[in-house]
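Next come two complexes, and both contain chain A; in the first it sits with chain B, in the second with chain C.
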Partner chain A sequence: MQLTHKSKAAIMIGLLPAFLIYAVFAIYPILQSFYYSLMEWDGFTDMTFVGLDNFRNLFEDPLFWNSVKNNIYVVLASVLGQIPLALFFALLLNRKIKGLKFFRTVGFLPVVLSTVVISLTWSLIYNSQNGMLNEILRNIGLGVMAQNWLGDTKWVMAAVLVTVIWQFIGLYLIIFLAALQNVPTEVLEAAKMDGASEWTTTFKITIPMIWHTIIVAVILCISGSLKTFDLIYVMTNGGPAHSSDVMALYMFNETFNKLQYGYGSAVSVFIFFFSLILIFIVTKLFGRKLI
Partner chain B sequence: MRALKFLFLGVVVAFVLAACADSEETQSKEGVIELTLWNDWTEDRPENTVYKDIIEKFNAEHDDIEIISESTPHDDYEIKLRTQAAGNQLPDLMRVWPGTRIEPFVEGDALLPLNPIIDHWEGTIPEEILQDYALGENYYAIPSNVSETSLIFYNKQLVSEAGFEEFPATYKELKELVDSLNSDNVTPISVGNKAIWPLQSVFISGIADRYTGSDFLHNVLNEDGTFENEQFINALTVIDDLTKSGAFNEDMNTIDEAQSRNEFIKGSTAMHFAGSWAIGPIMDSVDDLENIGVAPFPSFEGGEGDASKISGVAGGGIAVNSQLSEEEQEAAFEFLKFYYSEELFQELVKANIIVPADVEMDDSIPEVFKEANSLAQNGLSPVYDATLSPELTDIINNGLQSITIGDTTPEELAAEMQAELEKANE
Partner chain C sequence: MNSTLPIEKNKNKQNESRIKKRVTRIIIYTLLSLFALINVYPIVWMAINSFKSEQEFTVNQFGFPSKFNFENYANAWEIANLGVLFKNSIFICVTATVVTVIIGALASYFLARFHFKLNKVIYTFFIFGLLIPIHATLVPMFILMKNLGLLNTEITLLFPYIAFHLPITIFILTSFMRAFPKDIEESAIMDGAGIFRIFWSIILPMSRPAVATVIILNFIYNWNEFSFALVLINDPELQTLPLGLANFAGQFTTNYGAQMAGLTMSLVPIVIFYLFLEKEIVNGMTSGAVKG
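After this line comes the complex of A and B, so read on.
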């Protein structure tokens, strides 16, 4: 089976079905929404070309900027919350501790749960009248700290972000654990022979050796956060009064509730470029060429 | 080896092509016209069984027509319909909602007018209810039920313990009841406003009509009047007033409508404001039916509306796709005539659904239903989200929620609605 240098054509043919499917279901729709974003279209009647009007309206809508702001919170919470915590737990679990499998399973559990289940469960926990969180606070004498977590514009984003972080730590935990297990033991042993402390080994050897994985995780994290939709849709539906709206939710409501398919496409085009730029900045910042 | 590779590739390609080639067949059996009917009858509710039974009966009695029912859960149904419409892939028959909610479909020429057969229901269904599904000169669907959106369900025991033998008939008394319940530590009114429509569809449809009268909404939308009308602002202020007097459950903006109904059924709140859709579920689950009463919204001092009216709108209509062939149209008409029959209305009444036709009721029908049904006889006033454009609905829904958390004032909301209306009318 020496396909590689025998013929590129065979590779091409092999890739063709996958590429076709990808082109039809991913690339073509993206191009199509570029086209729709220049139109005014309610989904039923004929489209009319309006140039960049959709984008102008979009940039003038304070509700949109509000959703961008909330979305940036989600990105920050994910990158600064999920990644460090996941790395911390991965480093802990990488030591030969008892019950490793148990902790790993527990950590990964939220990832396999359906987002709807997670959202509903957390909504119950946060419920202001009989939710678990407020009950605990009241029972330990901290009743004054009990809040209407999801019903108060001041707290709703914080409450949602905690759930977002909780949901995906497990995913990065597993990714980091896999990477840590690939760090060659010879290197670590050599470091030990040279008298490096655990602390130095971790920061000078282990983390640099899995740096690539960390960057990939950060990129996954950013693109995932920009697509956040289902969790917030179920937990708060963007409310109260748009205080937990994110871009994808804004796009969904504008498109399907207000029947503005052209405007909605403009929002998705914005999200597309916003993600591209953000990921470009991150890769530049860390100085590695990954895409 | 090479032959094997190509064979494999061939299989893959064949698979992909087969998946794409899901052609649009309408006539699979020879001579039988198949019509697909989309609906939202997924829940296990008595009326859904009624609808499905009638379709089954129709299929059994007609060898040449086959109705195929496809159900989608209610909350996703309209979004699915709108998405499919954008792709020009609507089914042959589809459940639709009246007023502004069918307008885009009509403007896009997606629906077939039912004018050729509308006389069939003359004398059965009153003209003004048929009008809910009409736009201009054309009728697009036949209603099977009437949704009242502003009813008050109350727990007789809790209300009488608070010192009220009769349910309050004026807003002033209602406020006293709220205060009295609060001092007994009973949540007065359970609301589930997470999906943001209940405060508008249930509360404002009822309250605003009491203040402004039933012509107000129609007039404003036709540029005769403004949302910044004092009476309309009074109506919005009621929401603020009720919130501030502690009438609602604290978690009102984080639970959905069904959850708030369950709180009422459990007996932990004294009142629940909802539409006729709640009658069935409440009567099915409540322990003591005798303990549940139903009342219209109270009257408001200074209001210009008719306090005996109730906000409501026709529902249950099935529209026909405009792209059917002549043969299929005939079949669809035959189905509609069979479906919207005396039998349907009678079965629906047994399932506690308020119907647009006059149906005899025997003693087995519970009081709560009879009461709610009689309220519809004094005339229906407009329901806000069945009348406002989607944009305005979105603004008032969010605005009312903002009022409950103190983020906006009734005056600001009215001004915002007026601004949107003027923008749309330009």
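After this line comes the complex of A and C, so read on.
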């Protein structure tokens, strides 16, 4: 292109603002956390170099492994809850339904709302005294099943996971619906003419034809659910007794409540690599490009 | 007992299939309505109950309020300092979105339309940001902002918000701008237009649909963001809406009415925004998600 030669300066000027802000506030902190993770530091007094001690302590802390386990639960619940439910409702909506627009609007609504508002609303629903859930159970004569949903170590993860699933079904619903509408109707009609039942066309034709989209959704779902922090922070702050801790919460509390910036940075580094490696494995597994 | 005539048999079969079809329809609509109900009822339940007195809420939480009680709203507005929260959220959200889209579009223009040695490297460097788990940066971000003396200021949140939304912004805009034919700039150059002039009066207007997408995406992400605000801001006068609401609910755990009123008020703008721009928002967020 003609512009190329005289435009070096312009290119620099054009890229600089974005590059600078991004490099300083997104990339640099990560590099810094590698450095801090080798230090012991309370944020005020001088740092001391402790080598890999932070990581050793981290790997020896059962509470940390507990948070990893809960993180995996969140990933599993999202993939096994959101994806099948979203696909199911998308298939229903794809059958020339009246009111399609209404169901789409309503279906996507939770995705737009802030996680904080969702968490607070669901905390009210799960409230042990006046919560909607217990009230419904009492009204239908199942009062014995009423629980302190967020205050009971047995129930808290289940309660949180329901909210997690609820929040994002709509996103995958819309993604699947768009894919389904691209499936050519001739193919389905031809199959029908050949006497294929609806089950057969759904499982042998429709789903294979949108398989690629399903894979994309699964990858999205995994990387999205690794980010869970706000929701649990607001609903339970990891409690009771750490039973709903996830990695980011563990990191947050260890860092800011106990003033262990070095240790917290070590957890950051772990989360960083854990996420990257998991997404890498999943994309490799499904044969998709990483970016 | 096989005395029915073939025609009648056929009719029976037709009837049967019609009934079967109708039953399927009913089942489908029931399931979809259930889905719709579960999706909106939590919000509707909260909005309705926000008008009830504490007393009424305990005895009648599923019906309509006997009379609309605005006391909860007055309380929530005052105690949660909602006026300040709205003001802060709007300022941060609008500023961050505008800056991100402008500098992101400018960078995308050069990445999409110019050949230079480091083009691919810089592009990949930006796109790598899509893979960064934001929560892994909370602690180092806190330390960085502390060192820069940027904790608890009016502009604190702008930096992480802009930085972390540049990757998706640049990704969407670059792929859009790359699709334009090559000779667009050439005729402009003939006319003597400069590089930035071409960006401003040709490329940017042509990218309008993609720009709309990234504006909406940035706006919603910024409006809803919580974790950076939690870590970087603790001055009540500087809190954004999500942070302020979380703190408010944490302090007034037993005042359900005020909590519900506060939450409902914070929902109103975003729900209106959603209902008006539904198509654009849905497209933006799904493409943002798929591409991110």
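Criterion: the second predicted complex is superposed on the first by the 247 of 291 C-alpha atoms of A that agree within 3 Å, B and C clash if a C-alpha of one lies under 4 Å from a C-alpha of the other, contacts with A are read in each partner's own complex, and residues count from 1 in each chain.
Just so it is clear, a contact is a pair of C-beta atoms (placed from the backbone, for glycine too) under 8 Å apart; a residue touches a chain by one contact, two chains touch by 3 or more.
Computed from a predicted structure; not experimentally measured.
In the three-chain model built by superposing on chain A, chain B clashes with chain C.
Using the contact criterion defined above for the overlaid structures, shared-chain residue A:123 touches chain B and also reaches chain C. Within the superposed three-chain model, A:135 lies in touch with chain C and out of touch with chain B [touch as defined at top]. In the overlay built on the shared chain, the residue A:248 is in contact with chain C alone; chain B does not reach it. Within the superposed three-chain model, A:80 lies out of touch with both chain B and chain C [touch as defined at top].
Once the two complexes are overlaid on the shared chain, A:233 sits against chain C while remaining clear of chain B.
Looking at the shared chain after the overlay, A:17 reaches both chain B and chain C.
Of the two partner chains placed around the shared chain by superposition, neither chain B nor chain C is touched by A:145. Contacts of A:256 after superposition: both chain B and chain C are touched.
Counting the residues of chain A touched by each of chain B and chain C gives the higher count for C. According to the touch criterion, the shared surface of chain A, contacted by chain B in one complex and chain C in the other, consists of residues 10, 14, 17, 21, 43, 123, 127, 256, 261. On chain A, the positions that touch chain B within their shared complex are 10, 13-14, 17, 20-21, 41-45, 123, 126-129, 148-153, 236-237, 239-242, 253, 256-259, 261. Those residues of chain C that touch chain A in the complex are listed here as 28-29, 31-32, 35-36, 38-40, 42-43, 45-46, 57-58, 61-62, 103-104, 106-107, 109-111, 113-116, 122, 124-144, 146, 159-160, 162-164, 166-167, 170, 182, 185-186, 189, 195-196, 199, 220, 223-224, 226-227, 230-231, 241-243, 245-246, 249, 256, 259-260, 263, 266-267, 270-271, 274-275, 278, 281-282, 285-286, 289-290, 292. Residues of chain B touching chain A in their complex: 5, 9, 12-13, 16, 79, 82-83, 85-86, 104-105, 107-108, 110, 194-196, 249-255, 390-391, 394, 398, 401-402, 404-405, 407-408.
Note for the complex: chain A touches chain C at residues 1-4, 7-8, 10-11, 14-15, 17-19, 21-22, 24-30, 32-33, 36, 43, 89, 92-93, 95, 97, 99, 102-117, 119-125, 127, 130, 132, 135, 139, 166, 169-171, 174-175, 178, 216, 220, 223-224, 226-227, 229-230, 233-234, 247-248, 251-252, 255-256, 261, 264-265, 267-269, 271-272, 275-276, 279, 290-291.
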